[in-house]
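Here the chain labels run A, B, C and D in written order, and each chain numbers its own residues starting at 1.
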């Protein structure tokens, strides 16, 4: 039984802690949060203990789900104790800080897995497997549409690092995952169309990015902070031999037909519902990494590369030029 | 150029006359109707002449689209002149009258094609071809759903011969066409749920039928005189190796997504739109029968057999017993 | 914490026992089976104990998932101890035996819930709720298509009670559930098309049924023991104001497009996958019935009525007559 | 009866000539081609005459479907005779030549309609109408996917003006049509992935473009010269209140289900099939423009603006910079 402690008792910590508690090969060592009451409340619902950060770092492994600014520090403290770490994305909003943190990770020789959970979504994972099996030959174009149901609170926006680093980073990782080749050119365009307050906070709410790999593969990403019909998450890969796509997931198959036409459900509301399975599978992969001795994927370098793409996208959106992402 | 005269200037006569006028291998010889003004009006819009019935029977071929009670007489008069005939279904509401008429047809040696136009619908024709190609192996079960958008006027109901002979006859022909084996048992259940006036007129508006062939193939038909979402026309064939189905046809592919879900168009409104292509192809088949010397299909026997199945269904719905259709 | 014992360690017992073990408001008291090793093995995987039948009947409630011939006896023994019972369908293959058993249940005043799990399937439950909300007005026609992926072993067929009592009984219950009115006429047709060995065992593998209620609502059911594309489970309700349907569930949304067309996944393979959620929700309903004091639904009378419809269907398929189901 | 002459007896001339011949309000005055035999052959199949260019310019109106380099000259010759003109896109590959031609058109005061036929496709026209009706509120993002089934001959590629001016120009016009606001920024990325011979001819076969309007609306276009599954033509508009999309059109609704899943037809093969209705409706609009006195739309300025966007896209794909399209 692998004892895993969770740092952070917020929305995403709650998901991970629940999954650890339910996993047959793991035990929830406890939950630590800088707000002790939050840790205590969550721990209670799961029959676990609230811990100090220090105590949490005595478990067999640690899962970091605390606010972004704490991630790199916690990773380094875990590295110092030679603990395997799962860290929610992003490691840090500063690429330099991430590089420094990854150096500590390498030096300590610990495993670090980064929370790009969508790689584990059963629909996208099946798409990836079928791409790998050659069903459409070489991939040539990739289309990723990813829209939140509604914008986050402005307080969140202000510390999020902006749409590219906070939201699109998932799609940038997905593009790397599916293109099987690094994007070398990034071009972005962005607007504030949903909520002027987001613009006032210095961010955008509507953005598109084009990626180009060295061999010429092209990827288009479309992001919006609002979609009236639910959490829009779609991927389409176009290749020499055909097209593979993964569509939205609806809560039921029920359809109504009347004079207005045929009507299905709207899309599952948000990531808690849409990606519930991906979080469980992701945790299983983390556990297998530790108990099975395999490499962690996505790892710290994946986290850094996605951040560098997001940084390039942000720069491109501001300069109107195609930008090459920085070196790792 | 084959000269074809049309008998009957009503709704269905208008369709056929227009198709003849537009066909590259045919010429519209003219239109005859017992209401001369109706013939004149339709003829004018098509640049053709209004004819007497007698004159019409001097064309190269005749297409009968007049009221049902006139069909058998007109067929016999055409047979007397050795004219090829296309006749709208049904030949007559009385099986005995149909048998007598078909005897005249056989004696005259003319070609008689009966207007089961749905056999020529591109969707159903493709389904039939793929069944024939063995895509699902031997057919085992057939499901036919056929619902009108709204009930006909009571005056029409009163002379229609009833739902089984007027409406379901198309589905019974389709069942024979697709099952590739004669149904030997017919069981029906029927109700009046849509409009009590239909019941008062001695008819039903909601009916289902089960057919069974000698080898045990089963077919279910579902009819209603009302469907709020349009003219519902669907077929599903289930076989040893899989399922083949042909769905409804929508006017456009446009889809709206919003908080209420995803919404497509309703189904094409009625047979004029849904089966426009089938009438054109059916006419081509009739012309090819004459000019190419092939057998007419569906022919008079097909018309009789569908009527006998409808008669059996009506009897079953009244007696609660499975009925064997009469011999041809 | 409600302690529930499971009788029967077979395929369906395993599902229920696992769900009890995972339920927050219940505890798995243990598992009893006439094959003690089977109970022990299943109990071990769930961290529970193997019990004798007698010990099992000392729990707070009992869930009967043993072979059908034992159901009625176990219900009566539980009734003697005033235990709430959940029993897999059917209570017994003999309607008279069911009637006797239900008399004991009534006399003891215990709650008895019968395992028509499909009522709890999220898709069908949503359909039912939306029917109830009046989205299509009064229901007029119901179409239920239910096909197994492949026929059961002949040994199973021989003791199953036949397709109508074993397989279609689920659809007959669903018809009652959705029609909101008792069927008063049953007409069936059946064949052996899939496997001659099934016919040799006295059963059929392909069957259709028509139900008619007192007010004239019509229901068509289509059953086959084989569907190459997976476990085909569909429902369509046609009403005065429109149509509501619940389609098949696919494992992923992934679609491939190539020269052969657009291809989705086949349907979920069988009931373990398709109805996993329904078993969990069903268990929750049973627990709520006990802890919340609500009536059990579906209850013993529902079980009896579905059996009487199956008996009527069997008789109709043999006599070619429409049959009125026996009185409760 | 409006007499319309057709210049150009190639693939697209054939479509237009056939539609004129079939139109109730027009007569095909004849067909002119620099290859007289081509004109004669096409004219014969339509019961029309082969004409000299000069004779053609004596009709009531002229439809130019000749090779691109002749378009501007013919327009100017027609303008000199005050003839209404329909011209296939593009007017010319040089924006300056187009400007000069449009000056002649303005001076002559003739009507000039340009052949962006997709505006008249029933699916896209319905999408446009519903956008106009406010179904999704203000449009924020537009996604246009447009892929040919297979690359054109290299000889065609060499004189086509390149993918942006030859193929994407349709999508750029569609973007203008649907965005209801001029794009002011164009960013493109392009590759040669389908056929190296296309690259050797100085062109690309795979390209994406991002457009941004003054108010910040974003549009993504995806083009490929190859799609194994047919002629891929899709549009998606995302707005404040929802999403409207128009999907691909399949030849039939037939679907096969077997162990491999559910399979529909591939998409209609190419523009002759996909856009047959749009050419007919487009011709009707041209005729109505002349007979009804309404403005021609899309007109010469629409043709020029789409070309300027294509030029900007080409420049962007070569410089890696966002480009503002030139002034009209």
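Brief remarks follow.
Assume a contact is a pair of C-beta atoms (placed from the backbone, for glycine too) under 8 Å apart; a residue touches a chain by one contact, two chains touch by 3 or more.
What you see is a predicted model, and the numbers here were worked out from it, not measured in a lab.
Within the contact network of the assembly, the step distance from chain B to chain D comes to 1.
The set of chains touching chain B and also touching chain C is given as A, D.
The chain with its CA mean position farthest from that of chain B is A. The interface with the greater count of contacting C-beta pairs, when A-C is set against A-D, is A-D.
Once the centre of each chain is set as its mean CA position, chain C and chain D turn out to be 58 Å apart. In whole angstrom, the spacing between the mean C-alpha positions of chain A and chain D is 41.
The set of chain A residues that touch two or more partner chains comprises 228-229, 241-243, 257-259. Residues 228-229, 250, 257-267 of chain C touch chain D in their complex.
Listing the residues of chain C that touch chain B in their complex gives 138, 140-141, 143, 145, 147, 185, 187, 189-194, 206-208, 210, 212, 215-218, 220, 222, 224, 226-229, 232, 238, 240-243, 320-322. Residues 122-123, 126-127, 130, 135-136, 241-249, 251-259 of chain D are the ones that touch chain B when the two sit in their complex.
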